[in-house]
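What follows is a pair of complexes built around subunit A, which joins subunit B in one and subunit C in the other.
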Partner chain A sequence: MRKLAVMWLALCLVLSAGAVLAEPLRIGALFSVTGPAAFLGEPEKNTLEMLVKEINAKGGVKGQPIEAVIYDTTGDPTKAVQLATKLIKDDKVVAIIGPSTTGETMAVKPITEKEQIPLISCAAGIKITDPVNAWTFKTPANDHIAGEKILNYAVGKGQKTFALLTVSDGFGASGREQLKTLLAKKGLALVADETYGPKDTDMTAQLTKIRASSPDAIICWGTNPGPAVVTRNVKQLGIKIPLYMSHGVASKKYIELAGAEAAEGVMLPAGKLAVFDKLKESDPQAKLLKEYDQAYRKAFGVEASTFGGYAYDALQLIVGAVQKSGASPEQIRTGIEQASNLVGVSGVFTMSASDHNGLDLSAFEMVRIVAGDWSIAQ
Partner chain B sequence: MDFSQQLSQYLLSGLATGAIYALIGLGFAIIYNSTGIINFAQGEFVMLGGMFGVYFYTVHQFPLVAALLLAVLCAAASGVAFERLAIRPMRRAPPLGLVIITIGGSILVRGIAMLVWGKDTHALPGFSGDEPIILSGATLLPQHLWIFALTVLLIIANKLFFQYTITGKALRACAVNQRAAGLVGIDVRRMVMFSFLLASGMGALAGIIVAPLTMTSYDVGIMLGLKGFCAAIIGGMSNGIGTVLGGLLLGVLEALGAGLISSGYKDAVTFIILLLILFLRPQGLFSRGESERV
Partner chain C sequence: MRRELIKFALFAAVVLVIPATIKGGYLLNVLVFVGINTMLAVGLNLLLGFAGQISLGQAAFYGLGAYLSGILTATYGWNPWTAMAVAAIAVGILAFVIGFPILKLKGHYLAMATLGFGIIIYIVFNEYVDVTGGPSGFSGVPGLSLGDLHFDSDLKSYYLIWTMALLVMLLAVNLTQSRIGRALRAIHDSEVAARVLGVNARLLKVQVFTCSAIISGLAGSLYAHTVTFISPSTFGFHFSVELLTMVIIGGLGSIYGSCLGAALLTLLPEFLRTFQDYDIVVYGLLLIIMTMFLPGGLVQGFELLWMGMRRLRPGRAGRNA
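Up next, the complex of A and B:
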């Protein structure tokens, strides 16, 4: 009898506590915080935690605090799938942010689609949202947008023939395909199509061949350190042809590796976060980017990275959707799809039923390296 | 730009990369010749040289020469530690077992380097600037000359050491027959350790001198090690000129393959050559067949 009374009391306590504190809005996140893609997952996790804290301090979303359940996938698709199931079945989250890489996203996608939980991927692969599935979104801009940005700029400068030098990994192969399609579409000529290995240390042979085909411009597509080697080799060979890089090297690390002298004049499409202090006042993202960078520096002591921005935008999309339509998975899905002119770190998002990325050419800014720093290319 | 100029650039680029492979290949050869095992951790010593170099030069701001010496010393010490901890306790294991241990060791070394120094790529400045040198229409960096010079220096030093010093002769004796060497009073275990010291020191020297060109990060050892291994195989695992010629040949064929055929097949060229040599001339291109090596 006494036992029953205690239990009754306990139940009363639990119920009354529940009445005071609103049930938190549970959002799941899968990031590769460790492992080979840790450079993606770590800033994503940091950003998400920082942003959740900030939102809760301001009273949450419509009075409801947010609780982020973050798991580390170590970059392993199998693990990502297990953790996604755990998020849905055990943690009962209403939406999932991540995973960090395209491979993991493609593995997780069928599950979230079957369970009807919105997934906002932080990976860039075009196949995530093409073809569109009702439940899958992504925040990084597609690679072909960066490619188009380069070609539009180059055409404006009267350049008509191009040489490609791409890395032979997933990023380079997809960039190469898309650039070739874009070149054909715009009626521009491809005069040399060379590749290099991700660990190659000398590209003078490829560049000598490219020089012999005398293109108007060279486009190199890769992530560090390859492009830095290419940049140094271009200088070594004394090649004066304009050199474009991909958005994959839009960080100061690239300038440091290539050396300011060799990198002088190299042009590339950069996410606006890299050049936020050089944007015009009127740019819709300028204020948000500055605030994000400052908050991130204050919390973690390093500059904010584009990758963290992917998680930032994903949470903003969810919060926006909850405010607009409601907090059930279905309502969040509809809300994200209806997002329009939502200013984020990666760009200004306008989603639709046929576009689950929502970014256009304005997500990138063409920059030129001058004296070891970015400057907006004119 | 005419074709002959293109060709001379391919050759020069090839020779420059080839010298790097040769330098790394020499380290493989030294250990093979005194222990009979192929040390697949050799690439990691090259990485350690570069990373220690960056650590002392950029982080602690030592002068270049001091950073270079310290890096070689630290890497050589790691080489000795590697031998003591991983190879010596297993002396009774067959060579294949030891080879596999070196593979495991290389993964461990790489992992530690990643945890200590992080995953970033680092660059060292060129020893004498980055102003290209023009040579019959083709260009070369001053750093390439450093590499050529070091390679030549090492061949000569190797030759003198193995032919004329008592330690060098003892090492050669161990290579021919460890048991007989032990019987005439050579401390075989010390010699094995010494060969690891020598090879890791040389690997580190190679690593630091190529770092301004290739840049360095915790995982450069894999590919550089593999290419150095190819060079040593082509050269028949010789301590001297054979491995160097092997490396140069490999570099030139790679550059010509990338330039004249297609850059997509650059690595395929390397590995096809390696396979062909293993099938057709397992004793290497430049050495006479020796029955005990086959």
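Up next, the complex of A and C:
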């Protein structure tokens, strides 16, 4: 009797093993879903889960379903390092998407490079892909592209002297550095260089100093809520100098925080997702952006954000690479590097051995805030 | 003392055998960080558990060790071991100098002063961009090596860091069993009484503060050379509080307790990952329950368990007979 039961069990096991579908393609993801950078990690996680479901519903990649292993780093580099090790050693993923911030990415990078696993970061810092390492990519456009977009536009308007007001975190520090280099390169003058803390609630002191230096334009570089405070302070002080913001505030949240009245006339380089309904039909991204926004709204009840787009593009790059070259980490790496004209949320990607970001000036659109909404700046 | 040494030898043996019993590289990686946190917790415990002086600025010493080591090696090309020694000495000198005015304060005021110190150092890491790389961090710190032995895998890092951690623990056990340890406990109970009995309380407090800072600095250097990347967010106020929690959960005044506390707080979030979005809630609940029912820390819990088992044994024997 006992023997029979054992045999029966063994039979069941064999049958069930045969019934299991093709081995899934395991892709790891590290997002700061909680903690100070949750505004990045949450849409990234949502987008990835949504997209994986979508791809699997359509039969996976080359018949192979995708399994996303997502961990929350809480924005802590030490934790990111541990979890990256976990993804590689325990979960045996073929590629990693994330982390969400530049600091975490720089912490994880040495490990993925040593273990030879492709890392597609969702952080913007230029240090991630410059100098280029064979195994590290990133989907957000470099800060200097956004900076260049602003300066090109400003020069077109005849503005020659600039004041910088940047936040003292990774994003602001990188923006400040890039803008200073760009200004020098273009022969433009920097007349004031002020910074503020990420938690500051009043920037009138810095703005008063900036006003005294009478620049042609002010460029503020930060993520919410700082720039909203700056915008309100500018109006309160009655400063009439044109104000540019970075792509870091290219979401409706910023207009909400600053108030439509104060934000009137502020200009910034925005990822095309923010203005997808105002793009020309001929724009290569128009269709994809509309679909992404609709799907995201349907699944989560809020509008899609640029940050989610970083994860969207990262997964698309991996899927494209698997389809083209194969599913081993080495093949994925080569595939991503060969991606060309891949239409994504953040822009149209064309990677090469010397460019692991693959975006150019066309990734951004200069927009102006008019009556609480974006409009393409002329 | 002999009993203490036997206890320590047993503990060390367990620590050194652990890697052989676990498979899967990830747990080993986390255990490396448990080692670093153990050093930090033991350092703080010397100050808090024995001398009864609180410090909310331990993360600053930890960070200073990491940044000094990182900058000296990556920017100036120093040998990592020399850099580590110099960083530890520099952190020690700084602690010694600020120790005199700060440790005159007591209770909440001492907490505030050390908290302030921690925040100042954190701001320096963040704002002195040209040297520290600012908020986006400092990369390119070289790994450690001894001759041809490069500490580049988790297993090697484990042995390196736990050797250091065990040395620190041995030092701490030794210290607490000595005359100085008794003097520190005397200060803890009543500083006035200690002084009346001829203990130079002021100097001793500064010395133990310096000692705990040096240990933290060393841990920081090890962190920098193991992770090869440092950023200010690792060394913020939040981490100082986490260390304090490790020491209190583990058991004030118990060296092994500090190790337990460090292990628990580092490993627990990993095991709670199965609760997905609720892990933080469960984590908080567990901490509350532990402090409510085991105010003496985990070590007290183990002692109670041990005593309970001893009491059970004769009873069972009696029933059998």
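Criterion: the second predicted complex is superposed on the first by the 359 of 378 C-alpha atoms of A that agree within 3 Å, B and C clash if a C-alpha of one lies under 4 Å from a C-alpha of the other, contacts with A are read in each partner's own complex, and residues count from 1 in each chain.
Convention: contacts are C-beta pairs under 8 Å (C-beta built on N, C-alpha and C of every residue); 3 or more make two chains touch, one makes a residue touch a chain.
What you see is a predicted model, and the numbers here were worked out from it, not measured in a lab.
Trainee: Thinking of the overlay built on chain A, is A:204 touched by subunit B (first), by subunit C (second), by both, or by neither?
Mentor: first
Trainee: Of the two partner chains, subunit B (first) and subunit C (second), which one does A:253 touch, if any: first, second, both, or neither?
Mentor: first
Trainee: Kindly classify A:236 by the partners it touches after superposition: subunit B alone (first), subunit C alone (second), both, or neither?
Mentor: So A:236 only meets subunit B here.
Trainee: Check the residue A:169 against both partner chains and state whether it touches subunit B (first), subunit C (second), both, or neither.
Mentor: The second partner, subunit C, only.
Trainee: Considering only the touch criterion stated at the top, classify A:182 as touching first (subunit B), second (subunit C), both, or neither.
Mentor: Once the two structures are laid over each other on A, A:182 reaches no partner at all.
Trainee: For A:361, is the partner it touches subunit B (first), subunit C (second), both, or none of the two (neither)?
Mentor: The answer is neither, since A:361 touches no partner chain.
Trainee: Now for A:134: first (subunit B), second (subunit C), both, or neither, which partner does it touch?
Mentor: It touches nothing on subunit B or subunit C.
Trainee: Indicate the residue numbers of subunit A shared between its subunit B interface and its subunit C interface, in ascending order.
Mentor: 168
Trainee: Under the touch definition given earlier, write down the residues of subunit C that touch subunit A in their complex.
Mentor: Touching subunit A from subunit C are residues 24-26, 29-30, 33, 126-127, 129, 134-137, 139, 152, 154, 223, 227-231, 233-234, 269-270, 273, 280.
Trainee: Can you tell me which positions in subunit A touch subunit B when the two form their complex?
Mentor: 38-39, 168, 194-197, 199-202, 204-206, 208-209, 211-212, 224-225, 228-229, 232, 235-238, 253, 256-257, 259, 261-262
Trainee: Could you please specify the touching residues of subunit B with respect to subunit A in the complex?
Mentor: Those in contact with subunit A are residues 1, 3, 6, 9-10, 13-14, 16-17, 20, 119-123, 130, 132, 134, 139-141, 210, 213-215, 217, 219-220, 222-224, 254-256, 258-259, 262-264, 266-267.
Trainee: Considering only the defined contacts, which subunit A positions touch subunit C in the complex?
Mentor: Residues 34, 71, 75-79, 81-82, 85-86, 88-90, 102-103, 106-107, 109-110, 114, 125, 127, 168-170, 172-174.
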